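One chain, chain A, appears in both complexes that follow, with chain B as partner in the first and chain C in the second.
This part shows the complex of A and B:
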């Protein structure tokens, strides 16, 4: 390591103009740098405008609607009563907790499964590797509805999976559909490709020289994993966790079809407020609560993983 | 029989066509060429039946072609609410309660009675959606269906005769029941209250009684629970008679019962979407729908009970339409009060009954 550079310092030598920077002076290439920043801003502008228009404005509309009185809570003016109502009703509070719980459990189960597959994937070669990637991404291509229909056919107590075992008297008829177990099974299956693909990209980017160096210093596969793969893949683990939690907590189709109408989550509750009771104010309040939960959990995940991520 | 010459046949066909044209040209409003008329309706068999039975007569008379916005009633109603400023559908198919709610919410508009030539043929009991004045009607009925029971005779040997049978212990976890948002739920709440010693004005026993049920599946229509019925996970269900008849035609082994406390009548209808340009065309569509020809066609396609007095169903079809039940076997509720109480009742079902159903 060169003098003056400590472990953990960010080295920017790869940036073409970095070597030309003179401390305290004006860089001769500041012009191109400024131009590049302008181009970057210009390229960002369409996305920001789209986000502002189609996400920002509707979000403001939803936020405003969430403070409005409604048929269940008639009031004279706007207020926080929809939020207090949702949190104070034991059943709705339970739905809130179930939503977080489903997101966390689905993330905890999917992450190691995805990590193991992402570790294995770079070792595959040729047609096998292609087939593995195709197979893994198929649930994404097929879409969640097709996957759920498959589980709906497979999971009934007298369906093709458990039916023969029940008929032969080996097991009592299990009740999976209409429970959180069914929701979790389908969530894990649907989220797994997202985990694998995100982690695979991260793991593949770890420089091979690091493994060669570890090997030359006598590290075995376990030590390599502990000291090279795991720490360097932590940013990927963090981003994967965020993606998985978001997918799990905001999933609608799985809880709707496999959880049953009696096992609501915040998403299915929002759906019911909009589609069945036409209560936009309560639906908006529930949607904002879901958004807040997402943001809080993401902050929690960042705080959890930050100490493990090497700069 | 005397053989019909080609010339005579052509003459007769021409005369029939001219007669039909004369009738339709008198009644049908003039529209621009290429006009598309959008019908918001339940998908699947209902849309197919509307297209097959109402479509040809409507198109030949007006020149307008039908397009469909299909889906369950709730999402379609929500869409109308969202598109209030510029709706895309011209007419809306829904329960009479939805039509009343739509009129109150200002997303549906009344039809003028003078433009509904067939209205006089409609049964009095079917005219449940009132207009704001004597010259108008809130919407027209298009069928009568009945909410009754269906069960698997192979698995249930003790006959089902009453709504109270749903609470039999052997059906815990084996019952498909109406979702708390189902159109028939207010009627079921009253029914449960009466079974538990309450009444339409004393509903607490009804909510408690419903909480004692142990449904395996909650839903809106037979396709929500049919796969569980096939696998044997559901053995008894509450369902509309027309859907049970459809299941029977698809070789489901399911027996239908009109409970001794009576089945629950459901009058579905069509309303005009407010804010659309072709009001007269929409009124013509409503009139075609309640006409005897369309009513017979709908009954044949959907096993719906006709609401037109002139329609006489053949015996085998009559047995399938409201599954043999007569009007006297059915209980009718006024949709107006249901519109007012539904939000509060649904909230009670969600917060008081549903947790017990989930905890089975």
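This part shows the complex of A and C:
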């Protein structure tokens, strides 16, 4: 290639095979060609159209619906009253707080548990390592139903976990199903594979030479962890906590089937509004509030972790 | 001292796996337990509960509906992910943050909100619940997963192979058919399978979109749970788990696809 050719210059005529080069099919060494690159970009269209049509526009419809009057709040015009209603009524305010609380607690519990496991996983070798990673995707692929069914069977006071302890008089019969504890146990179990997989990817990417350098400078395992692993894995910790909070706050199945009707979260509240009280407007407002909470928490997490991430 | 630390590490890792996989294994074990109640102490091995499923045609029709929805939505999602992944990688640059956020957005929106949004959107056209809406949301849901597996494939794909094909006179279509698609086939199969399983077992995203004629297997199973929990349900769940497990193992073994890269 002659010097002085810049990205964007039309060099087609100089290259013998250029007439055969289909849209976008240009040698990457010459850089993208004007007018041709756009055709490759068009290949993004199917995904973006699907997302816009079946997610973007529908979400705008929800946003519009959230300003509409309804059976509980009859008004003449659109307004923010559905939001003020959900925030001002203690019954609903409690649900809002509970959703955030569950998301935060589940994240705080899962993060260190997952981090410790992700530190240990890279020591596995060969087939065992593959099996270990597959094992983590197994509960995700098995689906929530079987997992919830498992907890419904395992957690009752006289079930297989606590039954023997109760019978031997070691503990009083615990009440777990229908409480936040049950929801948290199943949330942590559900979120842990996501945490381990994300953190494992980050930790594995830390160059091995850094550990060798640290060792040659006389650092012990603890020092290595503090000065190499921990700071370099911070971006992974940030993205993991965002994923975890989103999973926790947006979970429907755990709070619905293990939390009981008295312990609603925003997701199960949306379910009630649509399936039981047929209140579309309030369901929409609750959905937008849930999205807002998730966005705010993401921003919060980014601000919290940014000082810890080295450029 | 070091040995103690190592032992503690392995013990911890084992505990994590028991905690994460335990409930699934427990349900599977109970599904072959001959005792009458779920759960109960192990009384003997039986396949009676699997036989009992045969008396419930609603599970079969729902499983068929779920299969259709999963097949169509995964095929569309994988195809869209392929062209998107191609566009992202062919340009040879890191995609913009906006673009990758957009393409991952179905993961960030709670599934129940996606379901609600589709209910209202389809309602504008007088559609509401039913096949079309279900396929639409399941496609959206599968897209980021399919894209991720496709991008893993493109990371290893050498685009100069395409240039070689062009230089030999092949057009875009021939090049894709003879070069690009065959080399990415493992990833496309993995993407499709992954989407299929995730769609098949998903409940919240279908929650508001099923009607009397069209309902998915997870919703029928959960409706059943509301009335009673018996070992037959464990058997149904185990069938789903075994199929998903075999698919995962086959992918890992024969297609050498790793979900984490």
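Basically, the second predicted complex is superposed on the first by the 263 of 311 C-alpha atoms of A that agree within 3 Å, B and C clash if a C-alpha of one lies under 4 Å from a C-alpha of the other, contacts with A are read in each partner's own complex, and residues count from 1 in each chain.
One rule holds in what follows: contacts are C-beta pairs under 8 Å (C-beta built on N, C-alpha and C of every residue); 3 or more make two chains touch, one makes a residue touch a chain.
Not measured: the values here are computed from a predicted model.
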| item | value |
| --- | --- |
| Of chain C and chain B, partner touching more chain A residues | C |
| Touched partner set for A:88, first chain B, second chain C, both or neither | neither |
| Touched partner set for A:71, first chain B, second chain C, both or neither | first |
| Touched partner set for A:151, first chain B, second chain C, both or neither | second |
| Chain B versus chain C as contact partner of A:299, first or second or both or neither | neither |
| Contacts of A:308 with chain B and chain C, given as first, second, both or neither | neither |
| Chain B versus chain C as contact partner of A:177, first or second or both or neither | first |
| Chain B versus chain C as contact partner of A:159, first or second or both or neither | both |
| Partner chain in contact with A:275 - chain B first, chain C second, else both or neither | both |
| Touched partner set for A:80, first chain B, second chain C, both or neither | neither |
| Shared chain A surface residues [contacts with chain B and with chain C] | 152-153, 159, 274-275 |
| Interface residues, chain A side, partner chain C - complex | 17, 20-28, 32, 37, 40-48, 50-51, 54-55, 57-59, 61-62, 65, 113, 116-117, 120-121, 123, 130, 132-147, 149-154, 159-160, 189, 192-193, 196-197, 200-201, 246, 249-250, 252-253, 257, 267, 270-271, 274-275, 280, 283-284, 287, 290-291, 294 |
| Residues of chain C touching chain A in the complex | 9-10, 12-13, 16-17, 19-24, 26-27, 30, 38-39, 41, 76, 79-81, 83-84, 86-88, 90-92, 99, 102-103, 105-114, 116-121, 124, 136-137, 139-140, 143, 147, 159-160, 162-163, 166-167, 169-172, 175, 194, 197-198, 200-204, 207-208, 218, 221-222, 225, 229, 233-234, 237-238, 240-241, 244-245, 247-249, 252, 258-261 |
| List of chain A residues in touch with chain B within their complex | 71-72, 89-92, 94, 152-153, 156-159, 163, 173, 175, 177-178, 260-264, 272, 274-279 |
| Chain A contact footprint on chain B (complex, rising order) | 72, 74-75, 77-78, 81, 173, 179-181, 215-219, 227-228, 231-233, 342-344, 346-347, 350-351, 354-355, 357-358 |
